[in-house]
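There are two complexes below, and they share chain A, which is joined by chain B in the first and by chain C in the second.
Right, the complex of A and B next:
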């Protein structure tokens, strides 16, 4: 008999149960596979999965554990992989009809590292076509639906990974982030995700959207689990990290958190209310919270868009010439527009970027992190085209990347963790952004917040029947 | 801030595409592409963007700093 209560546990709890012999890897995988069968048709989170192979791998790991062999930190943990990571045992389509690569010679580096640590790949997750959008409405395999309310989007482009976590189909997932694509669906679906510092984790074997903005990173149901996953994903192929990945310095001294203010930081009322409550939590944990004026958000956004569209078009030039009609219209329109950006405009945007990042780094000096809601709104409905909040009207797409993009322009680490629910009962995410290379310090702040709150433990009604 | 005036029209887009040997877009698609170009150019200020004395963006100095310091 399958024990579905296992699907509500964090990675560290599952690992402890396996280590003590109370539960086998096969029992754990079987429980998550049950949720795959129960919830995938509703959410469309996975576009490929192989339950039998996952169960067989779990049995192999159980047999190894029985011999007394030292197991990896992720041994027996089911993993969902976004469909833009190359994998040896599943096709990779990037959510598109265009890409049909020959089987790769190896897994993407991040997938290989997680497999080495014992993770079991359950399947590939749905995504916004080519990661070129933040709603997950546009995919060759159909839209991903939010487990909290299936009439709403997940946010994207790693929406399948976020939905899989929220529906408790997996405890661990991979995403990629060019303007918020890990953090946006994490916020929309009430789970956790971190965009690491630029090149902290190797992008080798991950289909690009924009080489100088892209980052790959883990998603999970707690900041503690993100630490376990991120630690396992770092090696010499990326920037790497020479420091202590286990430190939580914030708890041991006075924290100083900045709140960015200025044009471009508008919020819906329910999101503002949850954010104010989150600030109080940090204040009670001893943080000093200081508003910090951030200027040039509009110029920075223009630079980000110019770079994004130029680099995406460069990567897609061949496909765009040979198979233009196989793109979704909304994706093709962006690529065709990108063809009209001049080299001078692209280089000017990159030139401006350096100054923008320098000013942002100065503004962040002396702060442990900047905190702000990941999204200005909760996840819109599938057919909602425009959103209105605090005097601004923006498209559903632009509402998703509203503040998330600038961590990519600056290459900074940024974490999203749940911090409440809006008036429609949908999750709200809190973004914590740190200076370059402070990824594990940010996770420490997230862990601290989650010692005082239980938002990350909430489960959508769709998956709550399996709670204990 | 100053916005860059729209620099692309339906006509200039099709002429440009023809000069590059790219297939002609349907009128509906071309109209949406022009709007998308304007959306990219919105808030793009060529004078501000090119006035910096800094060389074009590189992450390398920051990355080296983290490598050195751990």
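Right, the complex of A and C next:
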């Protein structure tokens, strides 16, 4: 008898149930495994999964707990890992037919840290091939489908992790983010994700897309759970972080939030409406909200693309020359085009980046965060090629990275949390971006927002069972 | 009455004479100014000089000393500054017709530090245009001529500083080094120079050639003087250095020196002979000398060139598009060719560099230094295009950077000191390269060598007057 209501709970709630002896790890894993069986074929969220091994690991942890041993903070919590993290017990494909350096010598550092804390890896999630795209339509495993409406994309490239969370197949997942790839599908699927400050979480053992833009981070169903996961993922080997992971939420003082305005900040009507509601929530929580002009979004986007394509092409040079036909067409074409970028263009884009980031940092001074919708639209249909909103027309790909990229160019922490639903009943996400190193302050703002709202607790129809 | 014997003295000797009151700063500057008047036209060492201002500054310092004020360690010492360092009181041209952003807001950081220590800038020295070449034949001011034989080049790109030292127009000078540009002309002109560890001396205010390879450093007539100058050039703003500038010379313990061997280490006969003598000197001083196989010199050289041309082209992009015809042909052609290097090539060269440097560091473990001739040949004739030695034929340009580049690729400290004379009576230099951060240990080895040899005290015929 499986209790599917367990799959609607947060990590902290599940941990409390295990600690009090009301529920075993095996019962928890069994509930999520039921959802895996019910919803994986529909969503195509996983590239690989191993329910038996997860259940066996849960039993081992239950036995350990029975001996009175102190358990890790994630003991018994099922975890989905994006398929560009190296893992000892699952092959890694990066959603492609190209990568075959399996098995690796060790788990990716972030996976190893979460396993040490007791997390149980249920499987590897579907992703945009090599993370080189933000729709999750392109994968050797086939497209990932949005649990809220399977005719729609999830957004990507961590779309499998987002779909697995939205379908309540796991309460915790890992993603990676080079131009929004954690936040975009989090927004598209109505879950939560944070791209940490650059280098706060080790990228060791995660296949790169563009190493000067890449960040790895957690995804979950609440900001509170993200705090638990991110705290466990940061280790002494990381470059930046030496702060407190449990900062006092911003509620204790006057908040000041900026809203970026200017060219490049266009929105669809339903998204604008949800954003206005989100601003009201923050205003009621005591925030002062101030528009801040941000210029050069077009130039910054061009610099981001130059850096992205240059570094991706450099990493793929060998694979591309040896096995070009094993790439998806769209990915191969991007890599081939990337060969035409000159060294001087790349270096000047990196120089431009310094100035852009400096001006952005000055603009953000005095603000707890900038807030803005993660996406200008809700998740497009699988076959939708062009999107129109507020006078602009962009490809589905470019609509996904529309504003998300600039946290990567600047190396800043950025969070996406649910803030409503659009015309078609699809989720809308709110992005909170902070100055360098304010990751846990941002999570504090997210937690505060989630004390006053319940969008993050909504589940799509396919996962809305109350018991089985 | 000017005492030209003063110009044959080292900084420490001149400082002692001033401290004891035997000689004034003005008398010292006047002696060097005499050599400026005698030898600058012959050598073309300076692009700009101001004897009157230097003499006036010396008088000011003499007056200050008369009041009993504590004087800086370089008080009254004439200094020649390579013309790619920004200076408030002289225009900066980088040996070109292109650069015109004068006057700057401040002195280059290294110049400011030396002035604070009391050094008197006599003028700006000739250099290979934009430092983009190692012969010093190409400059808007015309070629620099070797004081040992004015039909020969100095080597470059800091050839003006080396010629000024060899002609005893100054006892101290500044250079910059991207592939040997401090050490090459030091070797060619029989003086001493050190390329410090990467980032040990601030490059602020020095026009770049290739920022990930560039280093700025001092040149003088002895290793002891280099220690005085380098100690004064390092400040808290530098990234790396937090060590002792007065390490115990290596003589106090057993020395172990490596000699790199393999493809890429060919030498002309007269240079090999001088190198063997230098090894005997070290052996008599107690050193154990061991051959160490170094491979991939061709691949490393290719990576160095890719990085050099990419960064130079990125820096010059704007000048090159606006004022292409103001560059010397050879420099413009290199910059235009640099536009063809792809971003992927550049990034893969930087990746290759990491592996190369790691292997080199392992090879150097357990050695106080690697020693090798700075140049495989003595300074070529001005019109010599190709050089032949030990079965290889290379251009004059490539003969200059032949082994010097690899200290730049690896960011390692490297010193050049005189170690003899070749068939044509031209100086030969010995390079000592150490592991990262061992700059002052290398200088200790150089000082030890110079206690047993006097090549560094030899002066060319044109400067061999005993008095005037």
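Methods note: the second predicted complex is superposed on the first by the 463 of 468 C-alpha atoms of A that agree within 3 Å, B and C clash if a C-alpha of one lies under 4 Å from a C-alpha of the other, contacts with A are read in each partner's own complex, and residues count from 1 in each chain.
By definition in this document, a contact is a pair of C-beta atoms (placed from the backbone, for glycine too) under 8 Å apart; a residue touches a chain by one contact, two chains touch by 3 or more.
Quick caveat, the model's predicted, so the values are computed rather than measured.
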| item | value |
| --- | --- |
| Which superposed partner A:142 touches (first chain B, second chain C, both, neither) | neither |
| Chain B versus chain C as contact partner of A:339, first or second or both or neither | both |
| First (chain B), second (chain C), both or neither touched by A:286 | neither |
| Which of chain B and chain C A:351 touches, first, second, both or neither | both |
| Which of chain B and chain C A:103 touches, first, second, both or neither | neither |
| Partner contacting more residues of chain A (chain B vs chain C) | B |
| First, second, both or neither for A:425, with chain B first and chain C second | neither |
| First (chain B), second (chain C), both or neither touched by A:302 | first |
| Residues on chain A lying within both footprints (that of chain B and that of chain C) | 306, 309, 338-341, 344-345, 347-348, 351 |
| Chain A to chain B touching residues, read off their complex | 197-199, 212, 239-243, 298-299, 301-303, 305-306, 309, 321, 324, 329, 332-334, 336-341, 344-345, 347-355, 357-358, 411, 436-437 |
| Of chain C, residues touching chain A in the complex | 306, 309-311, 313-314, 317, 338-348, 351 |
| Chain B residues within the chain A interface of the complex | 1, 8, 13, 16, 20, 22-23, 25, 29, 32-33, 36-37, 39-46, 48-50, 52, 54-59, 62-63, 65-67, 69-70 |
